[in-house]
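Order of writing sets the labels: A, B, C and D. Residues in every chain begin at 1.
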Amino acid sequence: MEQFVMTFPAACRLAEAHPPRLCGVVSSGNLEVLVESGDPGDACRIEVSTPATGFRDIWAAVLRDFVERQPVGGLRITINDAGATPAVVSLRLDQAMDTFRSEKS
Amino acid sequence: MTTDALFNSLFGPGRHTIIIDGAFMHGTAVVAGREAVVIGTRDHAEIDCELALKVAGTLLAAVAEDGNGSRPPRTIVILVDTRGQALSRHDELIGLNGCFAHTAGCADLARRCGHRLVTLVHGDAVSGGFLAFGLMADRICALPHAQVRVMDLRAMARVTKIPYDRLVVLAEESPVFAPGAENYWRMGAVHELWSADDDWCARLEAAVNCAEAGDTRAALGLERDGRRLASPLAQLVAAAS
Amino acid sequence: MSVKKTSFFEASARTRIARLVDPGSFSEFCPPQLRHTSPHLARLHAPVAFDDGVAVGCARLAGHPVLIAAQEGRFNGGAVGEVHGAKLAGLLDKAVSERPAAVLLLVDSGGVRLHEANAGLIAISELMRAVLRTQAAGIPVFALIGGSCGAFGGMGIVARLCAEVVMSEQGRMGLSGPEVIETVMGVEEFDSRDRALVWRVTGGKVRRALGEATRLVEDDVAAFRAVTADLLAEYGARPLKPSSLDTLFDAHARLTARTRRFSAARDGREIFAASGFSDIDGVPLMAVDAFNRHLMETA
Amino acid sequence: MNAPSTPPASWDGQKRNQQARIERGAALAKGREVAGADIVRLLEAVIEPGDRVCIEGNNQKQADFLARSLVRTDPALVRDLHLVQSVLALPEHVDLIEQGQVRRIDFSFSGPQAGRLANLVEQGRIEIGAIHTYLELFGRYFIDLTPKVALIAAQAADREGNLYTGPNTEDTPAIVEATAFRNGIVIAQVNEVVDRLPRVDIPADWVDFFVKAPTPHYIEPLFTRDPAQITEIQILMAMIAIKGLYAEYGITRLNHGIGFDTAAIELLLPTYAAELGLKGKICTNWALNPHPTLIPAIEAGFVHSVHCFGSEVGMERYIAARPDVFFVGRDGSLRSNRAFSQAAGHYACDLFIGSTLQIDLEGNSSTATKGRIAGFGGAPNMGSDARGRRHPSPAWLRAGREASPNAAMPRGRKLVAQIVESSREHMQPAFVERLDAWELAETAGMELPPVMIYAEDVTHVITEEGSAHLLRCTTPEEREQAIRGVAGYTQVGLGRDRRMVENLRDRGIVRYPQDLGIDKRLATRDLLAARNIKDLVHASGGLYNPPVHFRNW
């Protein structure tokens, strides 16, 4: 298992507060994504736990693109991965944001 | 140890009338000066539907016999030696899980009717065969050489794809997956570990006296530092709003 | 096109809960953000999940207050470890004090999680006692089975302790999985790749025909919801009576007779034949409605 | 070989040798029928050291009883064999090599035995002549690799030895034609011997001996894909393929490779493609095994005809009930024929689309991995431009114009698409700088790296990121960037020149879902016309009878 935290500058943020949401399942080739309101600020903190070691640069690229396309300022995102492909990671991240935004606290 | 020697050590010579029916045993014995019901298995019994139903039937008969108020409900001593559930398509088809559930339900009825249930593991106590009735007792004692387990480490290594050597090392640190009555003691599911030097009659009497109807295993596991999460987490959920 | 159903088999544990109960009524206990993950999996460098593979909470179903738990079959086969088991046990403890209309267990599990086998086995034993305790207090527990892992190992026992067992045809219930039997006893005893046989031995239809399941529904969360609502209404009108010597003697007589009657049976075909189905090979493809109707008519 | 300066002493030595073999065999037979108990002795009697032997078997049916029997022959009598056969799929095929009875093999595909075969090659225990495509091997049966003894499989024989192959005719006609008419011996295993066959697929006088096998020949349900396992990513790729390729070129005649990626396309035809108004405009005529996942499209009226390489277990009744779609004999069962279907796939289809394991920067694609000599099968026959083709079709002409817009001599072009998720689980890349095939070629002493589809034939690469229309590229640099532009988060993808890729996007060479008007969020399993095998059974009106290990009811 490899664990790391990446923090990205993210100016774009959601207008309202939302309750935490979990999306996806930790099963082979899949992952779960937990989205929570974190500290106020212009950053997004993403924590990853993955069984595939040595792919941190790929994760960085996937997450950077995600942060660029979604309003994730001030969010804390935690990922439990079970060997998902980058495509599945991107898809789940977007789905997690959709469900996160759909419910207001 | 022969079955007879086991009975003599537990109850004293001449103080037991136990019928051996293949791997199944049932009868009565004197425990703490009173008659107790004895139900059990031997020879690393594989528990199939038929055997589970025999155990259930014996439990029900004991409850029925004491149910008319003629005497206080007797203690039920459960002797466990099982290598697990029967592995057969036939037993699966006709609902082995249902038979086990029924047996567990009968043990629970006995408890609710005032019987105390004490399990003595005198051989193997393996997964499903142990769940069906041995683990249903109020107090569980492991005799020396008792083997309590779900799966041995080599098989576990195959299934989980974790190297065997690594499992052996980790088993030293944690009681959570490796076979052994000691591990179950630390986790609260075995209340007492008996040694060969003990006076088993006396220990059995003591065990009967301190058997209590509530399920305190999670708390015991916490107290013995073998299962730190179960009790607090269950309480957290129970108290959640 | 008809309205898309939500396949219970395909849905995640959380989706099952969301679509089963009254919309928006689910409130989770020990939610994922509290991160009660399994330290034992972590120690073995296996992936962990924030809910340890089970979501528990309270909700309403057709207005009835229920406590509900759903195992996630896709996480480690829904297997029970220390945290997972404690959440379930705590939920049942809560049932005794809060007295909901019922506890719903959406079982999807192969039984004990081997990575923490001892903790899992003990947790299942605790669950068995907790289900019995809850029902002795007059609160029914329903097992709903229709996921990819079915209800096996100790969870197969837990399921059968429940007052009601609702299954879909895709659901399976048993003790030892076919793969285990094949590995130990050989492929002649049980060919686990012969999935038609696997389903004829453990699947929803044979379980219903045998009486091991009390209801059979379509693989649609809405169908599970409808039958659960019916059951809640039934138990509301006629509360669960704790099992007694009489009811267990009856059950014992039924099980004994059944074991004798099928003393040599090894294939669900024999169960279907005994249930009066004329086209035995056609039973697996029978619509659930027709299957249920036949059982009602021949009962 | 040089022509002899003098005529040979006789012109019928081979014929007389054939006669002698038949006579030796006849001593063990009753007419053409051999008892199962005598088959090993019969093989020892008719096979001579050094013979070229073909044990029939492709990726579906297998002459498994004859293979098992051959393994039981005396290695002192049956030796130095040269196996010439489509696949080396059964453990017995490799057992025979391990027993030292085989000197050389020429084949197409080794699938499950690929690892064992690689070992034997490294140990120098077997010579590999060549690894072929199916059509090449069939071709060489008639040129320089004609089998001396063919061990084949059929459903049934009558008393004379006429054979009924049933739906799985597959390679039988090609093998028997070559062997029987070139002084060889044809031995068939049959599941049953009957008085009257439903139809005659192989006439008796092409067959020398037949034996009733103790168990029916094995058939692998290779083309059954459970829709339950199709992922959202595969659905997205299928949407890209349908909208960006099928609709754009109006592809009506095609072949699909094996796998979940193409199964997803099949299952999206009655839903997504129908919504796009494509029914009748795409996917009408197929060279394809009877994929169960094609049932919903057939039922929806998408499909006009399907010619099959082989059959598929469980599809028999469905096929028999759809004779307007499939090639069905007067007996009501499918007639498949691998050689014809391969030829059809090569010359008469406008598109081949299939999955792969690795694609390099030029677009060469390979399924070879280290330590496994897996071979090719038929994909390269279909996945290559048919340069001999002359008949036009709109899709073919359009592809030709795109490939060479300024060509003095107008030509068409076959569309060859590779569809693959850019990474597999645990971040294993599908796009690489150098194919593993190179390393395999070095360790196994092969003259050519085993490339499944050559770059020059690949016209489109489709991934979850988008599609690359390689045939519209004008320079090798553009081609490389187009591939990098859809290579996702692999190192190849991350190494793209972003400006150049944007430029390619403007020119419609690289196209992302948004460029095609595809909403990625709609790529859910709700789009599948069948979500599991049981849905397929229902779609077939109960006619499809899936193999038991695909059921969950």
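Operating definition for what follows: a contact is a pair of C-beta atoms (placed from the backbone, for glycine too) under 8 Å apart; a residue touches a chain by one contact, two chains touch by 3 or more.
Keep in mind it's a predicted model, so treat the numbers as computed, not measured.
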{"item": "Highest-count interface - the chain pair sharing the most C-beta contacts", "value": "B-C"}
{"item": "Chain closest to the middle [Cα centroid of all protein chains]", "value": "C"}
{"item": "Furthest chain, CA centroid comparison against chain A", "value": "B"}
{"item": "Euclidean distance of C-alpha centroids - chain B vs chain C, Å", "value": "25"}
{"item": "Length of the line joining the C-alpha centres of chain B and chain D, rounded to whole Å", "value": "58"}
{"item": "Geometric centre distance via CA averages, chain C-chain A, whole Å", "value": "33"}
{"item": "Chain centre separation (chain A, chain B; CA means) in Å", "value": "47"}
{"item": "For chain C, residues that touch 2 or more chains besides their own", "value": "45-46"}
{"item": "Touching two or more other chains - residue numbers and ranges from chain B", "value": "none"}
{"item": "Chain A residues counted as touching two or more neighbouring chains", "value": "51"}
{"item": "Chain contact topology (line, ring, star, complete or other)", "value": "other"}
{"item": "Chain pairs in mutual contact under the definition given at the outset", "value": "A-C, A-D, B-C, C-D"}
{"item": "Residue numbers on chain A that touch chain D, as the complex places them", "value": "28-29, 51-52, 55, 57-58, 61-62, 83-88, 91, 94, 98"}
{"item": "Residue ranges of chain A touching chain C (in the complex, touch as defined)", "value": "1, 20, 22, 25-27, 30, 32, 34, 36, 49, 51, 78, 80-82"}
{"item": "Chain C - residues contacting chain A, complex", "value": "12-14, 31-33, 35, 42, 45-51, 72, 74-75"}
{"item": "Chain C residues touching chain D - in the complex, by the definition given at the top", "value": "4, 7, 9-10, 169-170, 193-197, 199, 203, 205, 284-285"}
{"item": "Chain C residues touching chain B - in the complex, by the definition given at the top", "value": "29-30, 36, 39-40, 43-46, 56-57, 82-83, 85-87, 89-91, 93-94, 97, 112, 114-126, 128-130, 132-133, 136, 151, 153-154, 156-161, 173-176, 178, 180-181, 184-185, 189-190, 201-202, 206-207, 210, 212, 242-245, 248-249, 251-252, 255-256, 258-259, 262, 264-268, 271"}
